[in-house]
Amino acid sequence: MNITAQRRNVSQLLEFNASSSTRARLFDVAMVLLIIANVVAIMLESVVSIEEKYRTEFWIFEIVSIIIFTIEYVLRVWSCPDIEEGKYSDDFKGRLKYMRSIPALIDLAAIAPFFLSLFFVIDLRFLRVFRVFRIFKLTRYSNAMTMLLRVLREESSSFFAAFSILTIVLITAASGIYLIEHDVQPEAFGSIPAAMWWATATLTTVGYGDVTPITPLGKLFGGLITVVGMGMVALPAGILASGFSAQLKKNRSLYRHKLIESLQDGVIDADEKQQLDVLRRELGITEQEAQSLLYTHNQQRQTHHKKCPHCHKDLD
Amino acid sequence: MNITAQRRNVSQLLEFNASSSTRARLFDVAMVLLIIANVVAIMLESVVSIEEKYRTEFWIFEIVSIIIFTIEYVLRVWSCPDIEEGKYSDDFKGRLKYMRSIPALIDLAAIAPFFLSLFFVIDLRFLRVFRVFRIFKLTRYSNAMTMLLRVLREESSSFFAAFSILTIVLITAASGIYLIEHDVQPEAFGSIPAAMWWATATLTTVGYGDVTPITPLGKLFGGLITVVGMGMVALPAGILASGFSAQLKKNRSLYRHKLIESLQDGVIDADEKQQLDVLRRELGITEQEAQSLLYTHNQQRQTHHKKCPHCHKDLD
Amino acid sequence: MNITAQRRNVSQLLEFNASSSTRARLFDVAMVLLIIANVVAIMLESVVSIEEKYRTEFWIFEIVSIIIFTIEYVLRVWSCPDIEEGKYSDDFKGRLKYMRSIPALIDLAAIAPFFLSLFFVIDLRFLRVFRVFRIFKLTRYSNAMTMLLRVLREESSSFFAAFSILTIVLITAASGIYLIEHDVQPEAFGSIPAAMWWATATLTTVGYGDVTPITPLGKLFGGLITVVGMGMVALPAGILASGFSAQLKKNRSLYRHKLIESLQDGVIDADEKQQLDVLRRELGITEQEAQSLLYTHNQQRQTHHKKCPHCHKDLD
Amino acid sequence: MNITAQRRNVSQLLEFNASSSTRARLFDVAMVLLIIANVVAIMLESVVSIEEKYRTEFWIFEIVSIIIFTIEYVLRVWSCPDIEEGKYSDDFKGRLKYMRSIPALIDLAAIAPFFLSLFFVIDLRFLRVFRVFRIFKLTRYSNAMTMLLRVLREESSSFFAAFSILTIVLITAASGIYLIEHDVQPEAFGSIPAAMWWATATLTTVGYGDVTPITPLGKLFGGLITVVGMGMVALPAGILASGFSAQLKKNRSLYRHKLIESLQDGVIDADEKQQLDVLRRELGITEQEAQSLLYTHNQQRQTHHKKCPHCHKDLD
């Protein structure tokens, strides 16, 4: 096998998509498990008692993980000209472009701290915690994250609008409470930025209670601004929820569309079944859900044969 | 009456469904009341002063309940071949299969602790509290729980996606605050798992206030992650709410469909009325709501006049 | 004028509806203002310093209000046979039936405490506070309350389902935390009913922080149950919000329907304008909103003339 | 160039709209940056340590800003007869009317405190904080704020309804807790207005925890009113969220409509592209979103084939 074919094979093994071979899918599962194990290990390592007991094991696991992630990164950069229909086809420039893409930067960030620490003296605890952000390597394998990113991109203007309003409401609340309570609680509302802490905790309805207005006027202002501002601060959350649910609905309707198409000849043959399965995985729909959609469709077909009561012809 | 007919009678008495006989329905009501009484008794028993005063009464009530629940369980296992269209028809294997079904396991869990305590020495308080989970026996009789389970199953992929995002956001928040506040508040943010407590309380907007960031950087990070992450953590709740409301809408439209069908000949006769009633109870629609649907339908018929595109006569 | 005509006049003056005469509407406004003044007065009266200073004024205002509310109640009972198309037409039985209706009971509750206190010795503070519930007399004049009541009635089965789930989740959470933290925090989690306080504050995301789990296991359980249960506890709120918004949409579509009908001949004449106005007030739509609907309709008419691009005939 | 033409030029420079010239848009950007810089400066100035260090710099920046804002205000009043199709065309009365419009009042409020302080002795800190409300000058340039105001106006009747319910629920909660806990916690629940603080914090789910019921009855009432009232207090937030999302959907559908129209001849020429761009900016849609809409439209065209019922040819 020549090098070009080998490179294509590697790229097909590394790339995550719904039509992957079994071998490629096994590799994906192994990588996901390794990333999760890494995150769990780093979290446990932050517990002093555990860290002292299993220091060597943590160290070995870290070295092994770094080696695997480094090989993965090198192979990804090497084989990138074969992915995404030649988007990075140029041997040198294409690879540079790929290295600047978000997933590649996340992969680099997962290993860079280790190599940096070999050459520079860096605060070790800082480094250790940073490794937890390897969790973002999961985004490559997660339909949820892909969907979230798509919602964030598609609703970008809505989010911008909602966050503008949120900022104005927060600043107004913080300035108001600073004006009213500044003199009686200088340690809590000593400046507008300090009052922002109260404003954020209140308007997001977190309400820690470490800082609260104590004057009647402050309480009146606090109550009013909460009742009025709460809704405005919750706007981004609302947009995210409705965007996410719209995306899910779209995915499901896409799948149903394909399902109905496959059912037009009355039966789903082996070929159609495989196509549906690929689509199902791509859209992040569980097998159970797919069956439920099929069931619902069949039921509707039976009940929804609407006919005109006068001429008895089919409607719709 | 031979044993087979008797078994069928028992199964019809025990099974909860909308077309049950009056006797079966009375039995359902009695069981629901007994379960509620059990839960209330166990809750009251946990209050020391009440427990000391009514110890004997609680003990008698417990014994009586255990006897009834045990008989119920034995009868259910015995008569299971007659339910759900022969799903458990085999005398031995079918019963084993039934005993592994969720409702049967809940029924077993309601009585098992008592019998276990007869043979083994188990911490009694632990056992007593566990009895409260008899409340899940209600799921058999509750349309709400059935609907909830259906929503959880139908939206399983959405929930998986939402919980993945939630986990990533929580770990990111906990790691960040651990990095920032670890040195100044070692007792609160001593490890990433410990910091998860703060992250969960904050991002779900519960905000107990037992642990809060105290450094300016910690407060800035806390405020930002709350504003940004809040929406992502609320995604499962949002999906549940919209799934639940979609389910309710579906149920109501199903009922209305049936209602319109029954009204096609202009009148709802006794037979149709009974069918509608069975469906209404199955879908968990109150009588008042059903009347409101009928009223709305009649009103709409007066205002909207659709015509068949073939013969141009009125539809509906 | 004979007594029958007088009674009809009185009933027309008292009844709140959109087609009322100017005199009747003035009376409504006066009553609303009197009720609001009552509520404000009772709230201020609870402030000791204010109460001491203006005791006489409060007393006089109370007596005057009682007299007016008593006359109103007597007149309402007297004239009830003339309202709601003869629903209470019988002179004696009809009046008794009316006195048992919700609005009449609220009216009675607003004056009864005063007369009771004349004959019995009752704790005066208790009585004073009870007077604040005169605020419910506003329900008669408020479209918002009417709409809320309609939503509660129409979605009654959904609310029942949601509250069942809520109860089960709350009991499960309280029992779990009682089991785990009972020994280390006997004062906070001494019994399941006591633990309900924590469960309610946590699952509604209020999170006072007066009681929090302190053991690692308790925190883990608390975090998990919050993330999982939060959504279920928020179900009633979600159902209310979506029911309310559906009701608002329905009202607006009803108004638009009428508007389009009135516009069919191209112009809204004086008669149609008045009818629209009555409907607008009945549905609780502001004048501004009505204008916006008219504007939107006009705009749509201009843009939405869809034609088939091939045969140039109108579609729809 | 004569004065009339100059005035028109000035008005075109000052007015913010989507079809502005490049020069006018640069001016807008500069003004937005200046306003943001002002707000940031005022917030930082409230921090004592920063204020002491950069007192002179803050003072110079303030003077420069005041000069610019004053010139802007004067020019706006001078050139107002040329804006909004002659709404303020009268030289004197038109200008007076313009000066009473909301945006003009905000502009005046941004500079008035400075000039007032020259003539009167006013508490300086009070004045300084008030300057932060210059942030509302941003409303002129923000699509988000325009959208928010439109939602508030269009849903005004819904908001009125929701706030009525909210008020009644809050007063009921406060009165109830006052009645129950007044004697045991006179400092927290000493009067109904004081109890409103607890009621607001609880029903908005903020839950500071500075005041909580301590008697069993108070906790029971608190728990019940939270579970029941929470949803009613969240109504305004829900209405705002759904109104906002409806507005966004409307904007996007308007843009798509225009896009489809432009695509009818198969291609978007330079003229249509510019028109679409103006509309896109007016509606606050990002370029990315617009591309996504175009992409979706193209995809849909391939899958859905509607036919005209008259000539049976393809539509779209």
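We call the chains A, B, C and D, going by the order they appear; numbering starts again at 1 in every chain.
The rule is short, and it goes like this: contacts are C-beta pairs under 8 Å (C-beta built on N, C-alpha and C of every residue); 3 or more make two chains touch, one makes a residue touch a chain.
The structure presented is a predicted model; accordingly, all values stated were derived computationally and were not measured.
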Copy pair chain B, chain C: interface residue numbering same or different (half cut): different
For the sequence-identical pair chain C and chain D, what is the superposition rotation angle on Cα atoms, to the nearest 5 degrees? 90
Counting C-beta pairs in contact, which chain pair has more, A-C or A-D? A-D
Chain-centre distance (mean CA atoms) for chain A and chain D, in whole Å, is 29
Centre-of-Cα separation between chain C and chain A, whole angstrom: 41
If I count partner chains per residue in chain B, which residues reach a count of at least 2? 205-209, 238-239, 309
Touching chain C in the complex, chain B uses residues 39, 42-44, 46-48, 125-126, 129-130, 132-133, 135-136, 138, 142-145, 147-148, 166, 196-197, 200-201, 204-210, 233, 236-241, 244-245, 248, 284-286, 288-289, 292, 303
Show me the residue ranges of chain D that touch chain B in the complex, using the header's touch definition. 205-209, 309
Given the complex with chain A, which residues does chain B contribute to the contact? 153-158, 160-162, 164-165, 168, 171-172, 175, 178-179, 182, 190-194, 202, 205-209, 212, 219, 222-223, 226-228, 230-232, 234-235, 238-239, 242, 257, 264, 308-311, 313, 315
